[in-house]
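Each of the next two complexes has chain A plus one more chain, namely chain B in the first and chain C in the second.
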Partner chain A sequence: MWRFRQFLGSVMSLSVWSVLFTSQTDLFGYNRSEMISYIFVAALLQGLILASALHGLAQRIYSGEISTLLLKPISLFSYFAVEEIADKARNVFFTIIESGILIVLFQPQIILPPSEVFALFLLWALGGVLLNFLFSLLFGTLGFWSPETWGPKFLFFIFVDFSAGKLFPLNILPDWLQSILFFTPFPYLTFMQTQLFLGKIPVDEIAFHSTILLIWIILFTIANKYLWQKGLRSYAAQGQ
Partner chain B sequence: MTRFATYWRVWRLTAANALQIAFVNRGTNLFFLLGKAFRFFMGLLFLLLIKRTVSTVGGYSSDESDDL
Partner chain C sequence: MSQPVITVSNLKKHFTVYKKQPGLLGSIRSLWHREYETVAAVDDISFTINQGEIVGFIGQNGAGKTTTLKMLSGLLYPTSGSVSVLGYNPWNRKSAFQKQFSLVLGQKNQLWWDLPAIETFLLNQAIYDIPEAQFRKTLNKLVNLLDVKDSIQIQVRKLSLGQRMKCELIAALLHNPKVLFLDEPTIGLDVVMQKTLRDFISEYNREFGATVILTSHYMDDVKELCKRVIMIDHGKKIYDGLLSNIISKYARNKTLSLVFSESVTKKSLTEFGTVKNWNGSSATLLVSRKEATKIAARLLESLPVQDLNIEEAPLEAIIREVFGNKAKSA
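Let's turn to the complex of A and B:
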């Protein structure tokens, strides 16, 4: 169902923007091809970056389900990473099929970047994957201390949908709102990668954004390490 | 038809159980409603930005679409 929702979201976005561009050649700094490319790249990145097998991690921890994983002769995080990779592979596979259907239906002109930008795009996408993995692990730690794991995760997902640029490009928003969003790591979960793909990031800013992405990854790795150590120290389960 | 009725009963039961997760306690309720409100206002903001920037959509102006 989640994949079907993503597909419908892409169909809706493509329909809305196609209609809007019938009477305009340029909207919010995007031409028709750029906007259509944005939707396709964002859809692909959602499958790659935002899809996660760890949605129910906090519940698994609170219910004691991870006890059996802790006893296995494999690192807990390696196990989660493999689960995550498998889930992403499945999602990307279906996203490619869905994109094929959308290409046949809408026959868009998709802008492709030069090969060196594409290589950097893949690197940033990998950074986004890592960042989202760290977010999922961080939310998982809620399960060590609270049974209330569903609500915060739901709110977080809604916020990410918007702040990662999944619903629409962030640069159509008022400047003050963009400034606030760029103080958070969320634009690095889809939006910045699409901007790089479309060539909308000046060359002299690429190093800056790469550094910011790296800093967020390091910060969340430290936060995860601290909270998981603390959580596992207070973790107890019986009857598994 | 009998099979469809069975599917409907199973779907209704699982849907009711899924809904109960959202209303299991006060905190979860609050987060759920905040999330829904946030999504609604972001949709509204998107429409307002479109209305402010685009004069016609599909050949209709904003005033013409109000009359429909």
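Let's turn to the complex of A and C:
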């Protein structure tokens, strides 16, 4: 069902933008084929980066479900990582099938970047995957202290919808807002990767954005280490 | 044979809980004003357990038995005190340690609910690095001992409670743990199944020289398996010693069962002790433990006794009395 919703979302975006482009050739600096490429790449990246098997982690911690994992001679984080990879593999597989259907339906021209940009794109996508994984783990630690994890998570998702480029390309926002957003981790969860793919990031800014992405990964790693250590000490292994 | 495998000293675990007034109003009030309370789930407990022992933890609900087991397994971080199991601090969760013990929580399962149990067994084989030959051998043995050959290929959700519990036990024992913590392993099982599991635990202990700590609400489990028991009440240890000594320490009375050759009046019995049952031709009397033999001799002399039995009060009754008195004095 979730996949079908994603699929309908893509169909809707494609239809809306197709209609808009019948009257104009250029919107927010995107021409028709760029916009269609954006939608395809964004859909693929969402499946790859934002989909996560760890959405219920806080609940699993609060209810004591992770006890069985803690007793076994395996690293908790490797276990979560494997879960995450399996989930993403399934998502990407379906996204590719869906994209195939959409390509047949809309017959778009998709612009492919030169290979060195494509390599960097893959690297950034990997960075995005890591960032979202660390995000999910961090949210999970809420479960050590509180059962109320739904509220903050809901806010986070709404924010991601707007600021990761999930609903629309961030270029339509005012410049000052864009430059603030670029310092937050959110655009690195889909939007920046699409821009790189479409060749919309000037070469001299690539190093800057790569650094920001790296800094957030490091910060989140440190925060995770600290909070998990603290959390496990107050873990109550409830529900038994 | 008698090296300490588990050493616990001055172990404490305190939980902070907040008290909420009932109802919606209480919920709203608790938003800005919360009353916190510290609960000592385990309060200064010390003991050592040697290799090959089966020790029973007895205590009422919420006495701190499971909390202690969770600290011994490294799930909970102690508030203070120290724990050593097989020479490791459980909290560090070293895999060398985790490969040598198992915790079975009766109400919690590690089996994958939607998959047949054999899938969990195979996963555990990979997690615990069990060589193929050893895995097959242990699995066959456990499956035969517990008689679940037909169940392990069936989805866990479709198994009965008894079958599931047996499969849980297999999953926990595949890596031949040297230390086994069993929390209510027979809960919810019928008497036949309880017996099967008990026999099995005892056999496992004999064969592998495994050290076992067992908590149970069923006194039969404890009576049959454990020579030594540790009684815990409100987080404190109140008894640690042989099960048989509980009786001499806490039981004040013995029961005399009498059968008479001629009818005897109830009144003639009251001078010997408290009459519990009487129907003319037979009776049961409660008498003080110390006096039991003397009273029996006097009874034989003065009344037409055909048959006489001196019995200890049942363990359940003694333990009920111990905890009952504690609760009253607390």
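Miscellaneous remarks
In the analysis below, the second predicted complex is superposed on the first by the 237 of 240 C-alpha atoms of A that agree within 3 Å, B and C clash if a C-alpha of one lies under 4 Å from a C-alpha of the other, contacts with A are read in each partner's own complex, and residues count from 1 in each chain.
Definition applied: contacts are C-beta pairs under 8 Å (C-beta built on N, C-alpha and C of every residue); 3 or more make two chains touch, one makes a residue touch a chain.
Keep in mind that this is a model prediction, so the values were computed, not measured.
Once the complexes are laid over each other on chain A, chain B and chain C both fit without any clash. Of the two partner chains placed by the overlay, only chain B lies in contact with A:F162; chain C stays clear of it. By the touch criterion defined above, A:A237 lies against chain C but remains apart from chain B after alignment on the C-alpha atoms of chain A.
Contact with chain B, but none with chain C, is seen for A:G151 once the two complexes are overlaid on the shared chain. In the overlay built on the shared chain, the residue A:P73 is in contact with chain C alone; chain B does not reach it. By the touch criterion stated above, A:S115 is placed in contact with neither chain B nor chain C. Here the vertex is the CA centre of chain A, and the angle it makes with the centres of chain B and chain C is 90 degrees, a multiple of 10. Of the two partner chains, chain B is the only one touched by A:F28; chain C is not. Between chain B and chain C, B touches the greater number of residues of chain A. In the superposition on chain A, contact of A:Q107 is made with neither chain B nor chain C. Here the smallest spacing between CA atoms of chain B and those of chain C, following superposition, is 9 Å. By the touch criterion given at the top, residues 19-20, 22-24, 27-28, 148, 150-152, 154-155, 157-159, 161-162, 167-168, 172-173 of chain A touch chain B in their complex.
Residues 21-22, 24-25, 27-32, 34-36, 38-39, 42-43, 45-46, 49-50, 53-59 of chain B are the ones touching chain A in the complex. Against chain C, in their complex, chain A makes its touches with residues 64, 67-68, 70-74, 232-237, 239-240.
Contact residues of chain C toward chain A in the complex are 15, 66, 70, 73-77, 93, 95-96, 98-99, 102-103, 105, 107-108, 110, 124, 127-128, 183.
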